[in-house]
Every structure is written in C-alpha cells, then in structure tokens.
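If you scroll down you'll find the structure; I have some questions about it.
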Amino acid sequence: MTTVALKPATMAQALTRALRDAMAADASVHVMGEDVGTLGGVFRVTDGLAKEFGDDRCTDTPLAEAGILGTAVGMAMYGLRPVVEMQFDAFAYPAFEQLVSHVARMRNRTRGAMPLPITVRVPYGGGIGGVEHHSDSSEAYYMATPGLHVVTPATVADAYGLLRAAIASDDPVVFLEPKRLYWSKDTWNPEEPEAVEPIGRAVVRRPGRSATLITYGPSLPVCLEAAEAARAEGWDLEVVDLRSLVPFDDETVTASVRRTGRAVVVHESNGFGGPGGEIAARVTERCFHYLEAPVLRVAGFDIPYPPPMLERHHLPGVDRILDAVGRLQWQAGS
Amino acid sequence: MTVMEQRGAYRPTPPPAWQPRTDPAPLLPDARPYRVLGTEAAAKADPELLRRLYAQLVRGRRYNAQATALTKQGRLAVYPSSTGQEACQVAAALVLEQRDWLFPSYRDTLAAVARGVDPVQALTLLRGDWHTGYDPYEHRVAPLCTPLATQLPHAVGLAHAARLKGDDVVALALVGDGGTSEGDFHEALNFAAVWQAPVVFLVQNNGFAISVPLAKQTAAPSLAHKAVGYGMPGRLVDGNDAAAVHEVLADAVAHARAGGGPTLVEAVTYRLDAHTNADDATRYRADAEVEAWRDHDPIVLLERELTDRGLLDEDGMRAAREDAEAMAADLRTRMNQDPALDPRDLFAHVYAEPTTQLTEQQAQLRAELEAEAAGPEGAGR
Amino acid sequence: MTTVALKPATMAQALTRALRDAMAADASVHVMGEDVGTLGGVFRVTDGLAKEFGDDRCTDTPLAEAGILGTAVGMAMYGLRPVVEMQFDAFAYPAFEQLVSHVARMRNRTRGAMPLPITVRVPYGGGIGGVEHHSDSSEAYYMATPGLHVVTPATVADAYGLLRAAIASDDPVVFLEPKRLYWSKDTWNPEEPEAVEPIGRAVVRRPGRSATLITYGPSLPVCLEAAEAARAEGWDLEVVDLRSLVPFDDETVTASVRRTGRAVVVHESNGFGGPGGEIAARVTERCFHYLEAPVLRVAGFDIPYPPPMLERHHLPGVDRILDAVGRLQWQAGS
Amino acid sequence: MTVMEQRGAYRPTPPPAWQPRTDPAPLLPDARPYRVLGTEAAAKADPELLRRLYAQLVRGRRYNAQATALTKQGRLAVYPSSTGQEACQVAAALVLEQRDWLFPSYRDTLAAVARGVDPVQALTLLRGDWHTGYDPYEHRVAPLCTPLATQLPHAVGLAHAARLKGDDVVALALVGDGGTSEGDFHEALNFAAVWQAPVVFLVQNNGFAISVPLAKQTAAPSLAHKAVGYGMPGRLVDGNDAAAVHEVLADAVAHARAGGGPTLVEAVTYRLDAHTNADDATRYRADAEVEAWRDHDPIVLLERELTDRGLLDEDGMRAAREDAEAMAADLRTRMNQDPALDPRDLFAHVYAEPTTQLTEQQAQLRAELEAEAAGPEGAGR
C-alpha cells in the first residue's frame, strides 16, 4: 500500500477536475454555456477545458439559456453527453420550459427509446454578496419535476464524485453547486478521487443521539458548526447530508430519525413550498411513532432573496438552528 | 481546424474601419413566393419525382380525412389536420436522405408518415395511449412536438452534433407561422447560424395560429425576411406547389450538407380544415377565403401539371386513389382495435432505473387494480 | 326581501362574467393572450369580451408567452391591470423567468413603489383527456415563489368571486383554473354574485368529526364524493377547500385538524415536492399533539402526466382517498 | 378606430396574388455606421446640444472611474463600467422628454444618472443595500435590469399602455449585443412591431458579452439587420459619436411619437474596461484591440469637433472637468457613509399587506436581533 500525499483543493478545483476527467474518459462529453471557453466560466470551473479539448468540446455559446439547453437536447439525441453550465441560478429560468417539458420527459415520452444524458450545472444559493438574481435557491422547482435527478455536493470529494456520477448517468441531472462553497478547501487527492456511491445516497456526516439535522449543500457546514455548538447545551446532534434530493434516500434519513426521535430540516431556500416541506412530511409519514416532536424547519424566509447587506438575516445560521433544536419538546422525551 | 474555429473570431473594429460581417443582399428572399407548377420552371422538374409527390399528396389527403373521421368515432382524442398543407408535409419527408432527421411539430403527423413512420404509431399521441408511439431512431423522426418552436433548438443541436462527429447528416425542422413568435425560434435560428449547423427550417405559414391571423403575429414583410437577422438565407416559396417546395428544400438541404449552414424557408400555404376537429373556424374566417384557397389546392395544382404534360392519366390517378384507400382502410381497421394498455408503463420510463419511490407507487397501483378486478364495488368509483 | 331566481351556470361562464364585470367596473383592466379575442379563448372564457370592449381591451397577442407576460409587466407599470391568459398549464413555462424574476419581485425590488397588479390565468390539471402538455398541475412552482399569490376556485361561485378579488388585488395573482371543472354547473345568481371574502381564506365545505380532507381546485368534488362514501365505513369526514395556496390559511386548517385529530391532503399534482409536503409539514408543526396519525398525502404519482387513456390511474380517486383515511391508525384513537 | 384595428387584418391570399406585407427596402440599415463628428453632417448639429453632450460625457467618464474606485474600497459590491460607451449612455438620456421612459440594463447606471437619478441611489443595487434604490416614477427610469433582455418587453408594454391611454410617451430600452440572443429580445421586438408601440431599442454593441466576442453571438451582417425580420426600421450608428447617436435616436423617438412605431438602433461601440471590476479582460482580448478603440474615444471625438469649430475652449473644458470632479467628490463622500439598513424592509414589500406568515417571520427576526444585541455570545455566530 502506497501512502498518497493529500493536497488541499477547493470545491471549484474538484469540479474542474471532474469535468476534465470525464471529458478525457469519454469523447461524447461536451461542455457548453456562456463564457465556459476562453474565460473558463465566471467561477473558473471550466478553466483550461477549451485549451485541452478544443472549442468543439468546450463551447462558448450565444447568450440564450433556452437555446443552450434546447441544443443540448438535440446533441444528446445524437448520442453526445452535454454538460451545460447555467451562469447563475436565476439565469436558468429562461430554460425552464426546455427543462420541464423536454429534458425531464423525453425518456418517458419515448418509452425509453430516447434517453437524454444531460447534466445541467447550476451554481446556486447565496452568502457570497451577490446582487439581485445571483443568489436564488431554486431546488424546489427541480424537485417538483419528475424525470430529473437533483444532486448537490457539500464537500470537495463529493463535488468530484457526484459530478462524475451525474455525467455518467443516463438520466438528466440538475447539478446544483453551492456558490459559497466553491472556495471551501479540503484535503483531497485528485489523483485518486474518493470512490463515490451512485447518485441517491445520503450520508451521515456526524453521528449523534439527541436529534437529526437533515440538510444539504451550502447548509452542511452551518449544521456541522451548529452541532459543535450544541454540545455546550448537552445536545448530541446527528447531521445527515442528503447529497441527492432526487432520488431521495428515505432509508438513511428514516433510520437516523427513528434513532434520534427528533429532526430539523435546514436549508437556505425559502421555507414555504421549499424542499423542507417534502422532507418533513415524508419523514413524519415514516417515523411518526418515533417522533418526540414535530419535524421542524429552519429555512430562508418567505421573501425574495435579499440584497447583500441584508442576506445574513435571511440565511439559516447557527443560532436559528439551535433555537429550533431547543423547540423539539425536550421535556416530553429523552 | 475545429468546427468552432471555422467561423474565426470577430474582432471589434472602430467604426471608420467597421465592416458588415456578411453581405446581406444574398440572404434576402425574393419578393414573391417561388413557384414551379404552371410556370416555365416546371419543364425542368423530374417527372418521376413529380409522380412520387403526387401519389403521396393523394395519400396524405386521405390520411387527414381518415384521421379526422376517427376523431368523430371517438378513436382519436384530437386531430390537427394538415389538409391543404400536404405539399409541405410530403416534400419535407421526401427531400431527406435516410440518415437525415425530421423534426415535426404537433401538426405534422403526415410528414412523419410520409417519411415511413407507421400511420397508427404516428397517431399514438393523439389517440392517447402513449405520448410518442414510434421509436424516433427507426426513421429518424423526432417525437411530434407540442410546445411550439421548442423542437427547433433540438434540430440545431442534433445537426451540430452530427457535424461534430463527422457525419453527413441534415436536420429539417417544421414550425408554424405562430411558432415564429416564440423565443425558441429566435434562439434556434441564431445558434444554427453561429454554428453553421446543417439544418433547414421550414415555416408552414398557413395564415393562422388557431384563430389569430398573421397580421397579429408579425409586421415583417415576410417571415422569410427574418433570415437576414441571423445571417442565413431566407427563401419564400408557394407552399401549395409541391414541386417548388421540394426544389427549394432540396437546395437548402444540399447547401447545409455541403457545409453552407442553415436556411430559413417560408412556405405560403393554408389550413383548409379547422385548427383541430374541436375548433370552429367559422368564428374567425369567412368561407370565401377558404374557397379562394381551394382553387389553389396542392393536389389539383400538381394533377393539372402532370395531366397537361401527359405524365399522368386516369389509370395513374386511380392507382393513387386506390393506394390511398388501402392505407385508409388499414388505418381504420387498426385504429378500431383498442390499443393494448399497460399501466406499468407509467413508472417504467421515468428514469433508467425506477427509484424506490416509483417502485412503491407501482406496487400500490397494482394492488388497487387487483382489488378493482376482484370486487365489483370498487369499479364504479 | 326579493326572491332571486337562481340559474345554473358553469364555472367557465362565471369566469367570463367576472372578467366582464371587472372590465366594466374598471377601464384599466385589460385582457390579453393567445386567441382571447375573436375566438373567445380555447375554453371560451373570454367569449364576447373583444366584441363588448374592443380589441384594445381584449387583445389577441402574438404567440409568445414570455412576451405576453413581459409586456403585461410594462402595462402594469403604466397603471393598467392586465389579466393574462396562458392557454394551458405547460404553456406558461416559457413565461417562467418573467414571472419569477419580475412579476413576483417588482414590488419588493422597488420598496413598494412599483406594484404589479397582474392576474395570470392558468387553466391547469387533468381529467379532460388532454394530450401531452395539456394537463400539468404546476402549482408547486408558483407556491415556491415568494411575491405571488396563488389562488384556485373549486366552485362556480368562487370562480367568480376569487377572480374578481384577484383582479382587484394590487399584487400579482396566479389564478389557477381547474380545467375539468370548467363545465361543472351550479345554481348561482350572476346578477348578485355571492360576496367572496378577500383572497387567503379557506372554507370548510363539509363539516365532519373523524378526519379532515385538505384539498383545493379539481380535487374538491372528489373529496366530497369520498366523504359521502366514507359514511358507509363509519367515518364522518370534514372537507376543507383551501381556495388560496398563497397566502395559506393556517387558522382554518389548523382549527379543523385539531378538532378531528387526523388529516389527509389530496391533490392531483405530483406528490414529491408538491403542495402536499408543505401542507402536511405545516399542519404537523401546528397540530402535532393533536394528531393520532401522521398527516397523509394522496396525490398524483411522481411521474410526468400520463396520456389520456392512462390518466385515471394517476388521478387521486375516491378509493385512494378512502384507503388513506383507512391508514390513519384508527385503532390508536377515537 | 382602436389601436389594434389600425393594423387591419391580414387575410391570407393564395400565392399568385400574394403580397409582401411591407416593403423591406426602407427597413434595412445602411451598410456602415452613421457618423456625424468629423464629417460634413457635423455642421448641421446644434452647438448647444453638442456642448451639453460634452459636459455629460466628461461627467460620465468620471462617474465610471469613481464607481470603479469605490469597488476597490469595498463600498460597492460590483461595478459594470460603461467607460468607452458614454456616448450611448448620455445620448439615450438626453434624447428623451420628461414624460418619456428609460429602460436601462444592469450596465446602464450612467444613463439613469444622466437622466436625473441621484448618483448614489442609482448605485444602491451594486452597493447591496437594496435592489432598486430610486423610485422609478420619479424620473421615469425603470429599475436597472439584470436578467438580460427581460426589460425589453416591459418597455414595449409600457409604451403600448401609454398609447392606449392616449399619452404622448415614448420608451427607450437599452440592451447589449449579447442580450440580442435571448428569446425576450425577439418577443419584445415582435410585439412592438405588431402593436406599433412607441418604443426605441438601442443595442449597445460593445463587441463582447463578458468574454464572448460577437462572432460567437451572431452571424448577421449587423445586429441592426434584425429589424427587417420584425418589420421595423434598423439603424446602424457609430456608438462613440455622441452627436450621431443622439441624432439617430432623436429621429427614432420622433418617429415613434408620431405613431410610426418602433425602431431598432445598433450603436457600434466598445467597452474599454473589463466586464466588471471582478473580471480579467486580458483573458480574452489583446491590449492592441483596446488601444485601437482608445483612439476612437467618444470624449476625444467630440472634444476635437468642438474645439476645431471653436465651440469649446480651455475654460469650457475645465468647467466640465470641475463639474465632474464635484460630482465625484460628492459621490465619494456619500458612498463612504454606511447606508441605513432596516431588516424590517425584508418583509414589508413582498406584498401590499404582509401575510400572517411574513409577520411571524418578521417577529422572529426582531427577537433574534434583540437577543443578539443583548448578549455578546450570539454575536459571533
């Protein structure tokens, strides 16, 4: 067994590496979007790809998101595996019809004859001081659309592994990249990237006994921090990172909540109509008699994403999570 | 040199030295729709091709009539007829090589059938037993597309992908006059021109989008004039003249195949039937207008040319009609059989592998159906 | 007191009447969309309006949904009250960016200076034998978008009252019209339309003691039928018609569920990520200690809307609702 | 006669009698950008207007520089500079009457300021204290619009509404070369032409959409050529020639005001700075290209004309500079003060009346903030 020197890498670097490795491994993988070529993308995730693979494999498209996704559909019909970059969350909305009416449905429409192995990369979420339209959490829209997989990494290793898995998937995957984790670092060996299970498995990031925090993407670090802080209050919190919103890993989540008897769902997206409702509802359906308290939600407020100077009030933080944990009716149970 | 590099990078130049990027003159359509039948150009047309077109027009007219009849008999949920537009439908199908692709809109069942799709399978969407009833790869016909103009970027992407792979494939995409107003029309044509993708756009301008006449749809001189704004040639053609439509499309396909990039073709035609069987066209147009177009019927135009030139006689006409009747009879018989339905299909193709969630839901439905089959009391609900 | 002769009217007729009355009462109300003029709309809801008010007040637009909604935004900026018709649910998707990024946000963006009193009428849902793209239930998308009101009538009288309220609202309202109820009839006096409370109030359509069915729009008649059928099983079901998904009437819903101790949410929309998750989660948050069983959901399957011949399998029906009621753990409680 | 009836209903006619709906020739742009400065046309320009334009250009350049400096000092989140494009920005603002409306894109802060919006309020979006910092009704300037091209249908709708109300109002909408690829561009221009709405579209073709050069954006002869496809006139102008931009826009505005309908104007210009302060333009363009455009600087062009013709002397230039410096100093001072922030604003304007839900959430936040203020241990979190 050789010892591998682990080097710290950012999530953005891991994503770049995943794209590069996927393109090297499979000539049908094509990257396309606004500014993904010469510039390497506004977050530099596609940096160097056009140089290494040429303009035909990593293509600066005209500025039109429906056109980008719509042409990607046609490319996929002809056997390519397009990886589309939407520059920011809110700029994926022009492509909504193509996504919902075609990308999500083509396989089903054709009884499996015409699958569309398209990966749609969407940088999402706030916390980076972005001005209007640059910080939306749009995962609720995608979750509500059957036919799509919806995946989001929270760690550097998962960024690599899940993006490789998304590109390898024969189904369309909306790949949500938490913007504020682009520069998060982790020791991670890009030469031997951690093997990642196929899309659809949640993971317990921190075992605990008192209650479960169910979260994903940008809120994972906040939850881990909250779990640390909770020790002072005598709570030993378990933290589950969903990684995949669709398919949803009921098994891992249910097992955790049945063990702890209490749960809080944490995400940045607006609370009302957001992912937390689905998660809380299905956890309750499956764990009702194990629950000491209702599953609570800590989410962004039900408002349009705020301007940068006010965003800290909107984003779920450690205090708000601990408050929710405190409301889990501790008098009644363990 | 890569496909992308072929276009070279535009470097902005200060105005005194500024150059238009292409010469607009050759991109502009002629002032009037190009015609062949009844003009001198007809002499140059291939008689064999004209006869093939004729047989298909007759067949197509019969197909439309039969499908409309099936809606009355409750065998089709709805049928958007292309009666009056058969020249466009048939020419679009016949102009393509086997390896090419056709991208039909929801009205273009006939084009799919003329290209070889089984007439019953082509109607699956409108019958309601499934969405797309044929394998798109069998005849390289994309699924009939309902959300207007959304099929156009697909055609561009497919043509572009074929070119990237070095394949000699052209895509032909159909859209209506109404569909040209959608953003997807614009984005598709722009991508096609920038990528010089081998794709041909055929606008069937039949004068209406359901009830909305063209004047409320566009103020352009013609829809073909939109081409110049993308830097591709625009061509205007008499959409009821099958020979003219075929010739213009053939030129555009050859141009695309040779690497010349996309073309926008506007065919001026008319929908003789209502929008669908469910529509009442008298609400928005007068009989006189319809009659004027009946005098310009695509079948009559071609029949006149062929008989005038001695290329078609009574026997030939009868043969075409008999062939059409046989097709219609077969269609009727097969459509009168209830399609085989399998509710499991609901869950089988959402993903490559059904998720646990879908497997559970499928089991739930199976249990319900079994209960329904077992006890009569559940049946009424 | 004079006796008014009640005449049966369809929901479509009530909607037409609401548009007519609103246009007559307020010259700033403008109807626009595809085929709304001469044809009177594909469902004839705008029948006669162009004739009565002229093409400038009831306008056939070019065929472009983003353009329709986008120009409506500009018209509203100038003081008009546009009532936009989207021809079918799935054909509202091209307008998604305008809806989410502008219609929902303009008031907030301008600190109240620029409200957009736009009503977006969307015929939605299935059960009418519609071919692909003509039967979507898209309410989850709109619920997840702060800044929009989301309203849907289930009765003829509400169709009138809620549409008048929507047009009168100074906020944008997505007005969802259940397609399969267009031809439902009720005795309703169009000369003296029932006064309807402002948007945001649910109503108990059938009082009951055993459990609460929470529903809206196209599923209300199904729930009422189920409640009737349930009597044979000894269940006395209460049926709540939400009418407004945003704002959500927690008061009415919570009061009902606290009374009955059991609840099932019923809707056509896909279950996963659909409205039911939010509803079940918030009911559980507010009624946890009153609940004898988890709040269950009866919804469309998590699949693209099926073709006409298979849609009956997808739509929540009486049996499926009763099955869910049967799973409300009756052994444990009352 | 209603506005809609004015266009008359197009009735489809069979091809032999088919007519183009308008004559395309007058809609086509000239082959080269129209110029005034340094040409004979300059003699006809109003000296007073030229001097006003000059003062505003100088002010505008200074504004851009100051705003960029503020990003370095952390006083602005981001700034997309219009340095090099001041002629477009200023002419667009000055050409309008008070009652008219301006629809700026995210890059057009300067145009808003030149129209009268307070320079600090105009920067609110980019500073990050709120989205739109000014009341759009005060100067009839729509909110700076970030989603590209989405402001264009708004301009059309507003202009159309004004016309329906009988008001004599024109809307001028700005968009970039990249924005012309969006579906919303297409739909807006089409609606405008069909409705004959009094709106003018000004495309600032600055050669790039972030890093993407025009050749990857379009294959059209020019962006102005897109006009013919909508049935409106297209005009091509030197975007660094303030007099030319003003004249072309003034003609288009007058045409629109007189009921002549919309115009598409393409101004050929160049963004001298990077896309924003956060962008590194050297990744995608060479210094030599930037230098070529510096030689065609809008301020230099106008200054040369004015001084050559004795319309501007050292005093005048100094006065313009001093005015600009005063504006910059004021901007600096005011931007260095922390803006007043009120977290209650988060909930106050989502709806006309906050819902119960929002009132509860506002109460929650208030409680949190009070707790934070009370105890130091919460502050770090």
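By letter and in written order, the chains are A, B, C and D; residue numbering begins at 1 in each of them.
Quick note on the criterion: contacts are C-beta pairs under 8 Å (C-beta built on N, C-alpha and C of every residue); 3 or more make two chains touch, one makes a residue touch a chain.
Since this is a predicted model, take the numbers as computed values, not measurements.
Annotation: C-D is the more contact-rich of the chain pairs C-D and A-D, by number of C-beta pairs in contact. Summarising the inter-chain layout, the chain whose CA centre lies farthest from the centre of chain A is B. Centroid to centroid, with C-alpha atoms defining each point, chain C and chain D lie 39 Å apart.
Rounded to whole angstrom, the centroid-to-centroid distance between chain A and chain C, based on C-alpha atoms, equals 31 Å.
Chain A and chain D, compared by their mean Cα positions, are separated by 36 Å. Residue positions 130-131, 147, 181-184, 186-187, 190, 194, 216-218, 345, 350, 355, 357 of chain B each touch two or more of the other chains. The set of chain A residues touching two or more other chains comprises 61-62, 64, 66-67, 90, 93-94, 97, 101, 105, 108-109, 132-133, 146-147, 246, 248, 272, 302-304.
Taken together, the chain A residues at the contact with chain C in this complex read 66, 90, 93-94, 96-97, 100-101, 104-105, 108-109, 132-133, 140-141, 143-147, 246, 248, 269-270, 272-282, 284-285, 288, 291, 293-297, 302-304. Considering their complex, residues 2-5, 130-132, 135-137, 142-143, 147, 150, 152-162, 164-165, 171, 183-184, 186-188, 190-191, 194, 345, 348-352, 355-357 of chain B touch chain A. Those residues of chain B lying in contact with chain C across their complex are 77-78, 125-131, 146-148, 178-179, 181-184, 209-212, 216-218, 283-284, 339, 341, 343, 345-347, 350, 355, 357-358, 361, 365, 368-369, 371-372, 378, 381. Residue ranges on chain A touching chain B, taken from their complex, read 30, 54-56, 59, 61-62, 64, 66-67, 69-80, 82, 94, 97-98, 101-102, 105-115, 146-147, 149, 169-171, 200, 246-248, 250-251. For chain B in complex with chain D, the residues that touch the partner chain are 7-16, 18, 20-24, 27-28, 31-33, 35, 181-187, 190, 193-194, 196, 205-208, 213-222, 225-232, 238-241, 261, 268, 270, 289, 292-293, 295-296.
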